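Input: structures, listed below.
After this come two complexes, each holding subunit A, first together with subunit B and then together with subunit C.
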Partner chain A sequence: MATLTPEDLGSLVLDIGADEAKKELVGKYPTKVARKRAKQIVANQVEPDLTVPEIQSNVRTVPGLISQRGCTYAGCKGVVLGPTRDILNLTHGPIGCGFYSWLTRRNQTRPKGPEDHNFMTYCFSTDMQDEQIIFGGEKKLKQAIQEAYDIFKPKAIGIFATCPVGLIGDDVHAVAREMKEKLGINVFGFSCEGYKGVSQSAGHHIANNGVFTHIVGLDDTEPAGEFKINMLGEYNIGGDAFEIERLFEDIGVTLVSSFSGNSSYDQFANSHTADLNLIMCHRSINYVAEMMEKKFGIPWLKVNFIGAGATAKSLRKIATYFENPELTAKVEEVVARELPAVEAVREEVKSRCAGKRAMLFVGGSRAHHYQELFREIGMEIIAAGYEFAHRDDYEGRRVLPNLKVDADSRNIEELQVEADPARFRPRLDAAGIARLEQEGIKLSEYQGMMADMKNGALVIDDISQYETEKLIEIYRPDIICAGIKEKFAVQKSGIPMKQLHSYDSGGPYAGFQGAINFWREIDRLVNSKVWKYLQAPWQEHPELAAKYVWE
Partner chain B sequence: MLLRHTPKEVHERTALTVNPAKTCQPIGAMYAALGIHRCLPHSHGSQGCYAYHRSTLTRHYKEPVMAATSAFTEGASVFGGQANLLQAISNIFTVYEPEVIAVHTTCLSETIGDDIPQIVAKARDEGKIPSGRYVIHANTPSYVGSHVTGFASMVKGMVDYLAASNGHKENRINLIPGYVEPCDMEEIKRLAGELGVPVIMFPDTSNVLNGPQTGKFHIYPDGGTKVEELIAAGSSIGTVALGPLASGPAARALDTKCKVPCEILNLPIGLRSTDTFIDTLRRIAGVTVPESINIERGRLVDVITDMHQYFYHRKVALAGDPDQLVALTEFLVDLDMWPIHIVTGTPGKKFEKRIKEITREVPHPVNVRATGDLFLLHQWLKSEPVDLLLGNTYMKYIARDEDIPLVRFGFPILDRIGHSYFPTVGYRGGLRLLEKILDTLLDRQDRDAPEESFELVM
Partner chain C sequence: MDSEENHDTAYISTTNACKLCKPLGACLAFRGVEGAVPFLHGSQGCATYMRRYIISHFREPMDIASSSLGEKQAVYGGGPNLKQGLSNVMKKYGARLIGVATTCLTETIGDDVPGIVREFRQEAQGEEPAPAEIVTVSTPSYSGTHMEGFHAAAKALVKQLAEPGEPTDAINLLPGLVSPADIRYLKEILEDFGLPGIILPDISETLDGPAQLDYEKIPAGGTPLASIKAMGRSRATLECGRSLLGQETAGRWLETRFGVPRYALGMPIGLQETDRFFKVLEETSGRAIPSLHALERGRLLDAYVDGHKYLFNQRAVVYGEEDLVVGLTSFLAEIGVQPVLCASGGKSGHFQEAIAEVTGEIAPEPPLVMEGADFYEIAAAAEGLAPDLIIGHSKGYKMAQTLQTPLIRVGFPIHDRFGGQRLLHLGYRGAQQLFDRLVNAVLEKKQQDSAVGYGYL
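Presenting the complex of A and B:
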């Protein structure tokens, strides 16, 4: 969602231009590696029609290069299903995968009451042993599901396949069907073996397919409320979803379901009754939105609740969509109520942060979403990139028809979805869509990150450890945003680092209050006194000016 | 409640693990490899493995954890990972210039049966390994053992690939510190230094995973055992291996390969295990224990006598790794505490037997389980509560639900610092453990005491 035109954004003048820097970044690589990486590093150039240079992405990571990426299991079980509290998520595999994805992403959830199911604090695993690798693990998986059912009585069990499961040929879907029949609860499997795809992105897609196939549409009960929406791609890290939920409540919008921060199984089952899907993280969840539109006729809108301006804009988009003066009035009332506090903090923080420079290498949407927050306090984004995004997240959905589908992507199932004969109900007619376009709102549209960046800024996909070190050497930015694995290497270089996956220990950063929290955090990081004390006095002035003379 | 679904009644489970008290082999192998100077650990598997291991170690240490991966995709999983590993070796030596690449396998590469020595030999033939550089490896399928046995395998790999006898016996001792914290390794080395015993210690993660902030990042920090030392370990007069599970295999391999005899001891946690460690070093090296160590020991004994009333007959539940738990349980029994629920996730029958021996004289039934999990421990606690929990950060959910104080000990500790800076081995480490236990118990007493019996002097 380009908030600014290319002219507004202007160009970036760097001491070492992006093209020259690019040569430095790949200079040490073997020729073939350099050639490949060169296609994933571009200098931004936004044309008046918002087209941008092509950037290669969603391709294999070069072995040995040390990238930020994780695996398909992490994207499926960790990211998309991880925040679900009342689905018992059972990892079928050796113990590690379940262990590492146990509570480590800071997804918050708030069960309705003390009796409500909450399995998020638990880690469930079949803890596969060599015996199962040799003789097959289906028997143990069935037994584990039975034991999980006997002890926990969940309404649904999700099974997540890890690498060896696919290799030895365990059929998690067949086991799921059998146990579903036997137990009378919903049991479904995900073939999210870690080696599938080229990054966690494949896992998002697999999770989307599974949730859509096995849960969405199971409950046709019409929820109360005039303006019914789903929030997609919001995972409630550090309480973001709570902040957004508060705003929805204040403007009188009914949140039918959330995929999947602070979510519940029943909400997923009921989500097809909403009249609008809002997408936060385009990369991880656009598949569900597309499928819900095809099957049930629910349109989707890309929104962004990171940043006060972006939040206000997103709320106004919702009001425009529903075309209701009362809703519009409420949105304006909430925006007017929240903005003064935000503005006061912005002015204060800007006085200490303006002119400082940031780099963001993270995720599939946050490297885009957080740029506005930095800009608003006068900070410059000199380089940004995603860890696992596709070209449409960089260049906008306009490139979708021309995307090459390579062998790695073809391995991930693309569900063929058709309109539901009984339940397909287009929420807007042609006139409605035309009205929205007139008001500047395009449905099913995402402009991508690059259109919101200055000309001359570096855009780097799937950045490596080596490239990160080089960038630091060349530009010495004032702050870098990435993930936990990058955090301390950056900080050991004397540069503060903010995690934008887990938010370190912070949040919420969404909504109006979130903007305030984020700016305070950035202010703390870039202006912390400690960065001045890295050198001891005797290291800064090693030569003695004079000697004490002992009488 | 955070663990609201944990019932008091124990259903025996045969297939389902809930809230594990172990993790998988490769992370232990990665940690061990970080204890070699200028070594880049390499995970031969899909990207998720190394991403998870690096993340978990980073959260535990708050330090950079560098490692590489073969980045398997579906093709590699079907046709074998040779091409990926060859490419990785070549890229790593070109771009990151380590002295050693330490490859560990994963469940993925083990299931498809990749033969690492064959691939490494091919890399050597093709000139992908520069002269004077090394590629070592350990087989660490995730479906066998635990992070502890993965650590042990990589330490053994250091011996298998590098240790060599020069035909003489050099007057020094090999120390294998076990799966302990960087500061513990430093403390073990310091104690040997106090005794005046020249040592080669491996692995050594001190100054790798507890390094200083200097404003300059070095992918290979100053710490770590040097390759020359690993080679020379084959010519030492003896090996003292701490922790049978984590250090035993390497010590025995050195004996077989280079005829370096070994003594395999408990981890030196607590009074008597530290006594055994010091006494063994003294005996093998033929040195006299200096007064400075007698003073350290005496201080630990002094605090035990001074504060014994607060330990006496207090019930404790513990979860962690076998080598640690054996030494720790013995220490608690020596304090006249009652360790009554003890769980490790790491498989192995010996563990239960050892713990039963150590707790034989505890006048209270003792629950012990290898291949157990924190869910089972929690269930035991609901039937028989304790005064104190000892274990990793995941125990804090039990601590909060059951309102029992927790002393963090073991791996991983994700929510506090200290474990990588202040040792718990040796006499000084024993003192620190006592301080932590006392602080925790006495804070609780201060919180709960009726006003009339709120104590000033304790």
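Presenting the complex of A and C:
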């Protein structure tokens, strides 16, 4: 879903070309490391048919290179299940893992009422000790589940395995089955030990497989509403989902379930009744959309609610899909209502930001989504990359048939899904699909980040702290977007930094209102006057200041 | 509830922990050494999680390298990854010291880290640049808290680096986990006493550095390596923390191995614990307290008198690391606040005793003491104790919100307020700041709770 053609995007003009910069980045590495990193750093080149150069990704990080990446547990418990408010998430392991994933991503949620559960401010752990490492931890795990049930009476309990669990051979799934039977509530386990996979991406997969296997499809109640959708891969950081939900409500679309920002257990259970799946973060959840299509017949569309233009486009896609004039009219009404305020701010901010240059190294889709927001205010993206994405997120789904499956990927279970005999219902026939194609809407399609970037821009996978610092030296960009771990090193280098994981203290940045919020923030950052004070008045002639009076 | 008895927690699971994990403490300690890069031998998620957590408190860069073990290494051992990681950190960062801490993963599979490092050193002989010092410490997260990790790393540093030789005039100061502002203040105090001091670890600059024109990959500051090597030759060691009683700490090791006399002190929080600290400084330096500090003591006492009417009989819940809580409890008791609950996620076995030591003579009734506690238990106990004040780090917010009680943030981690790294806890000056904050919290609450809008209190 490239929004612009390669001709529209054009080429970047840089003092130091991407190829030269690449040489500098890997130049000081030992030969073996340099060879590996060279495959993960490419100069973008978009062909007319939107093919782009191959980039190596989803491979292990070289030990000792300080990476942005987290672990499988982080992806599973922290990212995907983290925003679920009424599933009691119990970490089976020593205390650190649970503590560090204790609502640190700024996910927000809105319980329906005072009696609705919200466990997001809690952190549950078996707090493993030596004794469990030696004699096994299943007994303690069972007791912990019993305790959690006795005190909180949750609808469901999720169990998350940390590194030692797999090593000592505790079977979280057997314990889950036993306790499910005993307590009569849904209990399920996730084998998301931190050493599995190459990044948190493996954890997203394990989490989503679990949600799909253990929850989706449990409740067949038909929800009210004519246009029923699910929102996949939106985690409600800083209230993004609230802003998107507001728009859905205004255009008259029913959100059956969100995966997993502002979600609830019951919504997951009911999600197979929707007629369309929308994917925000392709990386973390595209396989769930595929499985839901196979099992229940729900088609999926890649959308993007980051950026005003992207939001309008995504809403129109929904209307086109449902082929309903009333819905189309409502969408146009909402777009017309929201755009004037957006345009006013955009013009104002653009006057101060146009021509400035940004770099984005974040996530598995955010580095793509946010480019449009920057483009809308005239800023250039000179380099971008993902932390844990795969080749299809960079190069588009066209590369999927040729992806090599390595040992690390093989360790992550691929569910074998078949059409559900009772619940499978195709939402579109061949004519419907053809109609959509005619109207320019391709189902099950994502063209990746690189097709949306200028020729000559740098694309870097799993950038290291060292390379980030080197890039700053080379290009001195006007802003860098990454996460909290990179934030203060970037700022200490005199470059403004915006966190795109947890949004610093800001947000929402999704939808129309979100675009306004984001542009105001970027304007404040790139036009900040604070950096000029780095040089104290007496440092203006440092060679003089360094001399003593008698010299 | 019988407050004389040690509170035994009734729960098997931990809900809302009041402790962090062991390797995190080790990383914090290693970060306080000049030119050092902390290194975690394990899954890369550990480094990422601990970096992001430490950063959220200090708002400073915090690089932690990782050997990034995967499934294969979990089966066959992490030696090759550790060696490759060490080599890359040396080449890319110009580290002068790499502090390797283990994790649950590598402890469970039983990697022999000192052995692997020995091999690495042999293999790296003659290589350029000259290999950095490597200090290793065993920090399985399933045994102890971040404080055990912190002290273990401090001990590993002296044990693996200190060398014998001619005695020096220096004194070793092992303050425990305190803020960068605290350490800057301790340095001032030592300087004012004319004492050449070696503070280990010293995070005063490495975790609270200035904005500069040029970025440094490894921040300036930290305890100089040469100083750590010389710690066995110092004339005395001051080691803070009453919970360390009888434990094999860095200070104790310096005493047994090199005969450096060790003064065991509490964390110098509040007047009395600070008086004890200053008395030792007077003894070791042979000098009277410098007038600047005597004046600060006087002003503190003056404030105690002035503010007593506001704080008297207020009931406080205190939680956090054991030694910090002991220090705070001592301070609270001496200013007339009644510590009703002292809780920690730590479990040194000396907490109860240490609290009794500092409250025994002054607190009208002994507080309830909970060790190895989590916030679910702390909040449950606090509810029945009707506290007026809650004192501790950010994780007590939920409890404070439920109880509608002011939370005065101290210690680590503080991620819902700004400036945690600059909070002063220690000494007369730190007590003064804590005292002012407490009085103002009481006044603010009083003002908030009244609908009238009194502006003169």
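Keep this in mind: the second predicted complex is superposed on the first by the 540 of 551 C-alpha atoms of A that agree within 3 Å, B and C clash if a C-alpha of one lies under 4 Å from a C-alpha of the other, contacts with A are read in each partner's own complex, and residues count from 1 in each chain.
By our rule, contacts are C-beta pairs under 8 Å (C-beta built on N, C-alpha and C of every residue); 3 or more make two chains touch, one makes a residue touch a chain.
Just so it is clear, the model here is predicted, and its values are computed rather than measured.
Trainee: Both complexes share subunit A, so when I overlay them there, do subunit B and subunit C fit or clash?
Mentor: On the shared subunit A, the partners clash.
Trainee: Give one of first, second, both or neither to describe whether A:Val198 is in contact with subunit B, with subunit C, with both, or with none.
Mentor: Both partners, subunit B and subunit C.
Trainee: According to the stated criteria, A:His117 is in contact with first (subunit B), second (subunit C), both, or neither; which is it?
Mentor: In the superposition, A:His117 touches subunit B alone.
Trainee: One more residue to check, A:Leu65. First (subunit B), second (subunit C), both or neither?
Mentor: both
Trainee: So, does A:Asp130 touch the first partner subunit B, the second partner subunit C, both, or neither?
Mentor: both
Trainee: If you lay the two complexes on top of each other, which residues of subunit A touch subunit B in one and subunit C in the other?
Mentor: 28-30, 33, 60-74, 90, 93-102, 104, 121-130, 132-133, 140, 143-144, 147-148, 162-164, 166-168, 194-198, 200, 407-408, 411, 465-466, 469, 472, 483-485, 487-489, 491-494, 534-535
Trainee: What residues on subunit C touch subunit A, complex-wise?
Mentor: Within the complex, subunit C contacts subunit A at residues 11-17, 19-24, 39, 42-53, 55-56, 59-74, 81-82, 84-89, 91-93, 103-105, 108-109, 140-143, 145, 209, 211-213, 215, 217, 345, 398.
Trainee: Can you check the complex and tell me which residues of subunit A touch subunit B?
Mentor: Contact set of subunit A toward subunit B: 28-30, 33, 60-74, 90, 93-104, 114, 117-119, 121-130, 132-133, 140-144, 146-148, 150-152, 162-164, 166-168, 193-200, 407-408, 411, 465-466, 469, 472, 483-485, 487-494, 534-535.
Trainee: Under the definition above, what is the set of subunit A residues touching subunit C in their complex?
Mentor: Interface residues on subunit A, with respect to subunit C: 28-30, 33, 60-74, 90, 93-102, 104, 121-130, 132-133, 140, 143-144, 147-148, 162-164, 166-168, 194-198, 200, 407-408, 411, 465-466, 469, 472, 483-485, 487-489, 491-494, 534-535, 539.
Trainee: Which of the residues in subunit B end up touching subunit A in this complex?
Mentor: Answer in residue numbers: 1-5, 7, 11, 13-20, 22-24, 26-27, 42, 45-49, 51-56, 58-59, 62-77, 84-85, 87-92, 94-96, 106-108, 111-112, 141-144, 146, 211, 213-219, 345, 375, 394, 397, 414.
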